[in-house]
Every structure is written in structure tokens, then in C-alpha cells.
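Each of the next two complexes has subunit A plus one more chain, namely subunit B in the first and subunit C in the second.
On to the complex of A and B.
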């Protein structure tokens, strides 16, 4: 069943890639544009550190590591969940979701396979470039454990951002529209998590740790990668475990999704 | 452009149409509050570490952020989607038939579009950041009134020129859209340029000092950096006058370039659709 689902997903991806390959120049330009549009924030990070010097015990190179990982996480999640992002506008309001429900496959799988946009690799590209830059600026002892921690953090982050987008889609069962306000959590979350957590006020740190656990997939594991103790006092052994919160968030998001599915009434043709 | 009446009518029609999108305005407002809040917390952290290195005071930086979020819809970073549609459907042909100066017609339509989008958002932001925040004891993070009467009076022409400049850039972008049939390419180039060089991302003086002269002279500075610094009297007297002159000069240049581009584009335009 799972193999079958993966095979089906691979076919969805292949179909979207073939569609985009019909317009190679357009796809390339959109990717470059997305790369430039999402990369400007690093200019702000750089300019602020260049002018003010280190903040909260962080240099530019270390802050760039947060920026890079968050952007990499978000770009992968964004690539995988386009169907959920446009769920309200393109599926619920139009009634197109009924068609998905008639097919003998999970609706979530079909939505995940809806339009895998190559242009989203633009953000992945700029995040990866900043990651390389950051590792040049800061001595990071890359051994098996730090590499595993970094990959685990990215996986947790992808799960978290995917969970946010699933929740955003779930709202559409009630509102029959994609609510742009939910972008505050997805795009706004990226914006907030690009800086190290300890520079924020306490209430905002708690929000980013316990409500939307962005800190668990970015801040704490990065501390573990840099082998630094938490200036806010979280114990060292806990740091590499925190990305699990991303998966818990995703599981909860799917529970909400199920509740939404159960009350779905078609909006008509 | 003889009688102003048809242009005023076009401006009013577009303005009233765009005012209907209330949910979009509310969503935009919520996003801008969040964005502004994060920006301010980041500023506060850097000021806390080394306030002496900052070119403006924290209170002014906070005002700069709120002012920028309130007036975000004035930024020319997205071409008017209706122009792209009109060119693809062939409806742009009607614009050729009207006994009007097409450039002026597109310019006022753009103006109406921007002003209607900015008004509800700005009003809500004034309420939230300039009135509610001080009332709940968060004066330090609130949007302050202009620094003195002179600054307030100078901000009026600065604001008018900011809008005029923005509309001239957007009209030029719309002409490029009409020539290339699609707005996605233009938006991809325009948005990052405007965000960085207008001072939306950071006040231009926060960038490295070597780039300062160039950053202040380029046309996009007149969209955010110049008017906002006039607002809190960081630019005053002669400097403010120079800022206004720069805004006006770039607006005239861009209108001139836009008119030339419009002429060329319309001569080559092929009607789509049937």
C-alpha cells in the first residue's frame, strides 16, 4: 500500500515536471526570480550584523546558519504541499475536491501531488548557498553526529511547515476559502525563525517553542550543531531531540484534517 | 491631456471598485501587524546590543517600520493584474479607441488602484499602532506623530510625491507587461528591487556606508526612505528640500520614459483574442 502510494506520488511528480519542462525558459526564470525574491532577507541580516556587531552572543555566520536551515526546510515543505496551499480556492470553493474523494486513494496524497513547482527550488538554492557561506564563516566540526542532527532538524522542519500548511487547508473546510491570514504563520514563521530565538522577547519565544514549535526545529538543533549551550538554559541532551516536535505537529495537523474531512459538505458543482 | 474630467472619473471608478475588497484589506492588515512586530523586535535586539552604531534612534526606527507597513500597498512591486488580462484578452484595444491620452489614463487607473488598497490598511494601522499601542502602555513600540509642525507640513508634499513616483514606476511596469503579455516576469524583477532599494527592507542608512551616496540618489529612495525621514525630521531644512527635489525629478524622468515606452509599445502591439 505504501509502495503503491509512493509510486503514485512519483507519477504525480513526473507529470508536473513534464508540464513545466514544456516551458523551460519560463521555469528557469521563475526559479531565478523566486531565488532573488526570497534571498533579499539575508541582505538585511548581513547589513544589521555589519553595522551593529554581534547580538545575543551571535555573529553573522552563526545567524546565517539559522537563516539557511529555515529557508531549506520551508522550500522543501512548500514544494510538497502546493495542493494544500490552494485547497480552499481551487478545491473546496469550486467543488473540485469531490472529484478527489471519488478516487480510491487518500485525498491528502492527491493534494500533495498537485503541482510540484520547480520554481520553489529557488529558495532551496539560496538557502543552500547561505549554508555554504555560513560554514565558511563559522568553524563547524562536521562529524557524523552533527550531520545527522542537521538532517534530522531539516526533516522535523519540513514536517512542521507541512503541518502548518495542512492546518491552513483544514480551515477551508469551515471557511470555504483559503485564508491568507494563515500566511502569517507559514511565511511569518520563516521570517521570525531566520534570527536566533534568544534575541526575541520572552512571550514570543514561548509562542515559537510551544504553540508553533519553530524553535524546536531551528534554534535548539542549531545550538547542538554549533556545540553551544543554550543561553536560555535548555539542557544539552534535549537540544538534538527537539525536532520531533515538528512530527508531532504534523500528526496533530492531520488529526484536525480528518475532523475537517468528516464534516466536509460539497459546495456544489 | 486637456480636460481632466475623464481622468478623474477613471480614478474614482477604480478607487471605488478596489475599496470593495474588504477581506483582502483585513488579511493584509493582519499580516502587516505581524511583520511589523517581528521587524521591531529584531531592531530592538540590535539596538540593545549596540545602540551607538545606529544611524537613527530606536523610536524613529519603530515609527519607520509602522509607517512602512501602513503604506505598503503604495509600493510599486506588483504590476496591475488587469493590464495583463486586458492585453491577453484583447480588451486593451478599447483603450486605443478612447479619445484619451492612454498614458495619462493608465496612470490615473494605477493611482486609483494603489490609493484604494492603501486607505483601509493605513487607517487600521494608525488605529492599531498609533492609538491602541500607546493606550495599552506600549508607547515605546508605537507609531509616533511627525516630529514637529515643519516635519508634518513637509511630509504632505513628500507623501504626494511618493505616490506620484510610485504610480510612474508602476505605469512603466504595466507598459512592460503589455509588451510581454505576462506580469510574472516583471513582478519577479520589480519586487526584490523595490523592497531593497526603496528602504522597505531596512532604512537605507543601515546599509554599509560606502553605498550611502548611491543609495540616496537612486530613484527608489523616494518611495520610502526620503518621505519617512522627512516625517521624523531626520531630513530637515535644506536636506528635506533636496529630498523633495529628488523625488520630483525622478517622477518626471520616469513619466517621460513611460510616455516614450508607451508610444513604442502601442505601435507594435498585436491584438490578442477574437
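On to the complex of A and C.
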């Protein structure tokens, strides 16, 4: 069942790549543009540290590590869940969602496979380059446990960002259009999670830990990777476990999605 | 046991009442007034395997809502639906694997992909076993003459070509039931004929049950033995097309432009609908008075400039049916 779903997903990806290969110049330019646009952001972070020195006890290299991980997470999630992002405008409003419902597969799987945009590899590439840079600047004692923690954090982060995009799509069952408001959480979340948590006010820290648990997939696991104690006092053993919050968030988002599906069946578009 | 069973089907939508203006919009956010709109009031019918049924009615009559419920997209407000023993909206995934659906206004194919790639992807989506898929695909490609189109991206096809590809796409998994929602809308005459011919073959030769909605009486005439007329969410007629044609559909309209002022005509079985200057509009029943005979009678005694016959528009037929229906109820 799951194997078959993954195989179909792979077919969707292949089809999507073939469709983009029809416009090679456009795809290349979009990828380069995306890479350049996101690269400006890390330059801004660098300018900040160059001017003011360490912020909240963090060096530029450490901040770059947050930045790199968050951008890798977001770009992978964005790559995998494009259909959810455009769900309101391209599926509900146009009635194209009916077409997905006429096929004997889960609507969520078909949406995930809707369009895998190569251009989004730009952000992934840029994030990966910054990751390499940051590991040069910051001494990290890489061993099995830190590598596993880093991969686990990225997985949790992909799940969290995917969950945000699923929630955004779910809203469209009620509002029809995709709400731009949801971008505040996804793109705003990327911005917020690029910086270490302890520089923020208490209420914002709680928001990033318990409501939209971005800190659980970036800040806490990075502390574990750096083998630094939490300046805010979270126990050391808890730090590597926190990325699980991303998966919990995704599961809750899918519960909301199911409620939205039930509503669609009774009200239509 | 019929293949499709529909009993006392009703569907209401809740529509938000909006007060106009900014204050209204703000009030609407806080406290919304809802109004119930009936899309289907009480629809019952059944269909045996291998039947070909046409659903006709004006826009907003409930045709598309019925198709959406039968194909598992929508859940009715009340009533019962069974298709091949399954309740479509309870068991969507199993149900849709057995049906094929073609929407005239909506594509099932991938815009940027060559036709053949879309077919391959559908075979994966429907889990059609490869050997079976190839056999079925080749059969459909031959029937629909798709061979020269297979390598073209869908966006480059004309509407007529695309509809042929849509039919193949809807049938790759070999469904026993086919729902067609306005399949000939916007097509040119040869494409309409090709679609009708294909649907007829599918129904006669392969025994596929077909339920189609249409605006086009020629579709019905060419295809359906049985017709359901639906209007305002109610079933007005369910019966053989032949009896519908002999009844309400019988009336024809004759438009004549005379060389001089329109004369007074008094021909048995002809009703004068409108008279304006040199023009005259008549209705007659070709079953009782064939059109050539009527035209001959008029042209033999009057100088005529132009003349043409029209069938009543579907909206008018429905209006007539309403009158008959209301009269019957009262």
C-alpha cells in the first residue's frame, strides 16, 4: 500500500520534471533566480553580525547553521507539497479538485505529486552551501549521534513546514481562495526560525515552541548538535527529542484536512 | 437488481446572504445569514446495466449535482444512492475505480505532458496491470484515431482532438459505467458526430452503461433511448425518447419573411405566435402536418422572401413540461 503510493509519487515527480523540461530556459532561470534571491538573506544576516558582533551569545557561524537548516527544511517541504500551496486558487476555485476526487487515490497524495518545481532546488542548493560554510566556521564534533540528530531535525522540520502548508490548504475548504495570511506562518516562520530562540521575547518563544513548533525542529536540536546547554534551561536529554513535534504538527494538520474533505463533500465548491 | 439506484435524492446548499457594502461585509464576517438552496428536491430513478440514459434540463436544474453525487464527489442531504452495490460517497476510492467520467468543460489530462505520458500516469493511478493497459490503450487509440496525437502535449490539441483523448483517458481502466457531463459542448459538427458515434459503439458493442447530461437535443436524438428531464431539482419526465418526441418535443417553429406585408393565414393545425411587418412566426406539429406540406401551402399562395424551421429550445421545452407538470399536480 505505502510502497505503491511511493511508487506513484515517484511517477508524479517524473511526469512533473518532464513537463518542466518543456521549458528548459525558464526552469534554469527560475532556479538561478531563486538561489540568488535567497542568498541575499544570508548576506543580510552576515551584515548584521559584522556590524554588531555576536547576538545573544551566538556567532555568525552558529546563526548560519540555523539559517541553513531552516532553509533546507522549508525548501524540501515546499518541493514536496506544492499542490497544497496552490490548493485554493488552482483546485477549489476552479473546480479542478473534483478531478482528483474522481481518481481512486487519496487526494492528499495526488496533491503532493501535483507539481514538483525544480526551481525550488535553488533554495535547497543555497541552504546546503550555507550549511557547508557554517560547519567550517563552527567547530562541530561530528559523530553518529550528532549526524542522526541533524538528519532527524531536518526530517521533523520538513514535516512541520509540510503541516503548515497542509493547514493553509485546509483553510481553502472554508475560504475557497488560499489565504495569504497563511504565508505569514510559512515564510514568516522561515525568517523567525533562522535566528536563535533566546533572542526573542518570552511570548514569542512560547509561540515558536508550542503553537508552531519551529524551535523544536531548529533551535533545540541545533543546541544538541553543538553540544551546548540551553541558555533558557531546557534539559539536555530533551533537546534531541524535540523534532518529534514537527510530526505531531503534521498529523494534526491532516486531521484538520480530513474535516475539510468532509465539508467539501457536503458543500461542493 | 439495477446497476444504478437513486431513491428520493435531495441536496441543499447553504448560501451566505451578503448585505451589500462595507458594513454588510463586516457584519457578514461576524454574523452570517444563511439561506438554503435546493439543488435537488426529490429525484428517484434506476438504471440497468447496458442502458444509455440522457439527462436533459436547463442550467441549474440539478444535472451536474446528480452526476457529482453519483460519482462520489458530493454527499446528498438525504436519499439513497447505490452504484454496483456501493454507496459512492461512502466508499469513494473503490467506487471511482469502477467508473469513468468525462466533463466537457474540464480536462482530466496533464496540460504540459504528451497525451501518451498522461495515459501512462493514469494507468499507474488506476493500478491497471501493464499488459492489460497496453491492450486497452491500443484498442482505444484505434477506435478514437489518436495515433497521430499521442506525442503532442495536451495544450497543443484542438478541443475536438482533446475530447477524443479525454474519452480514452476515462476508459483506460475499463469501467463498466461512464458518466458524461455535457461531452459535446463547444465542439464543431464533425467532432460532435465522432463523439456520438464513439459513445454509441461503446454502449452497443462493449455494453458500457452510459449516463449523459446535455443541452443538445441532437445528442439525445442520436444516442438515447431513454430520457430524464430534470428541472428545478425535480424529475419531470422519465421515459423513452420516442414518446417525448411525439409529445412536447413535437412542436416546430416556422419563421417566414414575405415579400409584402405578412398575410392573415388560416391553416388547420397552425398557431400564429407573432406578426411584425413582413415577418410571421408560426408553430405547428410535424406529426400532423409535415413541414414540406405546410411550406408548399404557404408558398403556393404567397410570395415568400425567406423561410426557416426551428426546433424549440430546450428551455422552452422545459417550460412546457412545467406547465404540464403543474397542471397535473393541480
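Following the convention adopted for this analysis, the second predicted complex is superposed on the first by the 264 of 269 C-alpha atoms of A that agree within 3 Å, B and C clash if a C-alpha of one lies under 4 Å from a C-alpha of the other, contacts with A are read in each partner's own complex, and residues count from 1 in each chain.
Note that a residue touches a chain if its C-beta (ideal position, glycine included) is under 8 Å from a C-beta of that chain, and two chains touch if they have at least 3 such contacts.
No experiment lies behind these values; they were computed from the predicted model shown.
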item: Three-chain arrangement built on subunit A, subunit B and subunit C clash or fit; value: fit
item: Subunit B versus subunit C as contact partner of A:266, first or second or both or neither; value: second
item: Subunit B versus subunit C as contact partner of A:86, first or second or both or neither; value: neither
item: Partner chain(s) touched by A:105 [first = subunit B, second = subunit C, both, neither]; value: second
item: Which of subunit B and subunit C A:30 touches, first, second, both or neither; value: first
item: Subunit B versus subunit C, judged by how many residues of subunit A each one touches; value: B
item: Partner chain in contact with A:184 - subunit B first, subunit C second, else both or neither; value: first
item: First (subunit B), second (subunit C), both or neither touched by A:15; value: second
item: First, second, both or neither for A:44, with subunit B first and subunit C second; value: first
item: Vertex subunit A, arms to subunit B and subunit C (CA centres, degrees, nearest 10); value: 90
item: Subunit B versus subunit C as contact partner of A:201, first or second or both or neither; value: first
item: Nearest-approach distance, in Å, of subunit C Cα atoms to those of subunit B in the combined model; value: 11
item: Contacting residues of subunit A [partner subunit B, same complex]; value: 29-30, 32-34, 36-37, 39-41, 43-44, 47-48, 50-56, 179-181, 183-184, 188, 191-192, 195, 199-201, 204
item: Of all residues in subunit C, those that touch subunit A in their complex; value: 13-14, 65, 68, 71-75, 77, 89, 92-94, 96-97, 101, 103, 106-108, 110-113, 117, 120-122, 124-127, 153
item: Of all residues in subunit A, those that touch subunit C in their complex; value: 4, 7-8, 11-12, 15, 18-20, 22, 95-96, 98-99, 101-106, 110, 265-268
item: In the complex, subunit B residues that touch subunit A; value: 24, 26-28, 30-31, 34-35, 38, 41-42, 45-50, 53-54, 184-185, 187-189, 191-192, 195-196, 201-202, 206-208
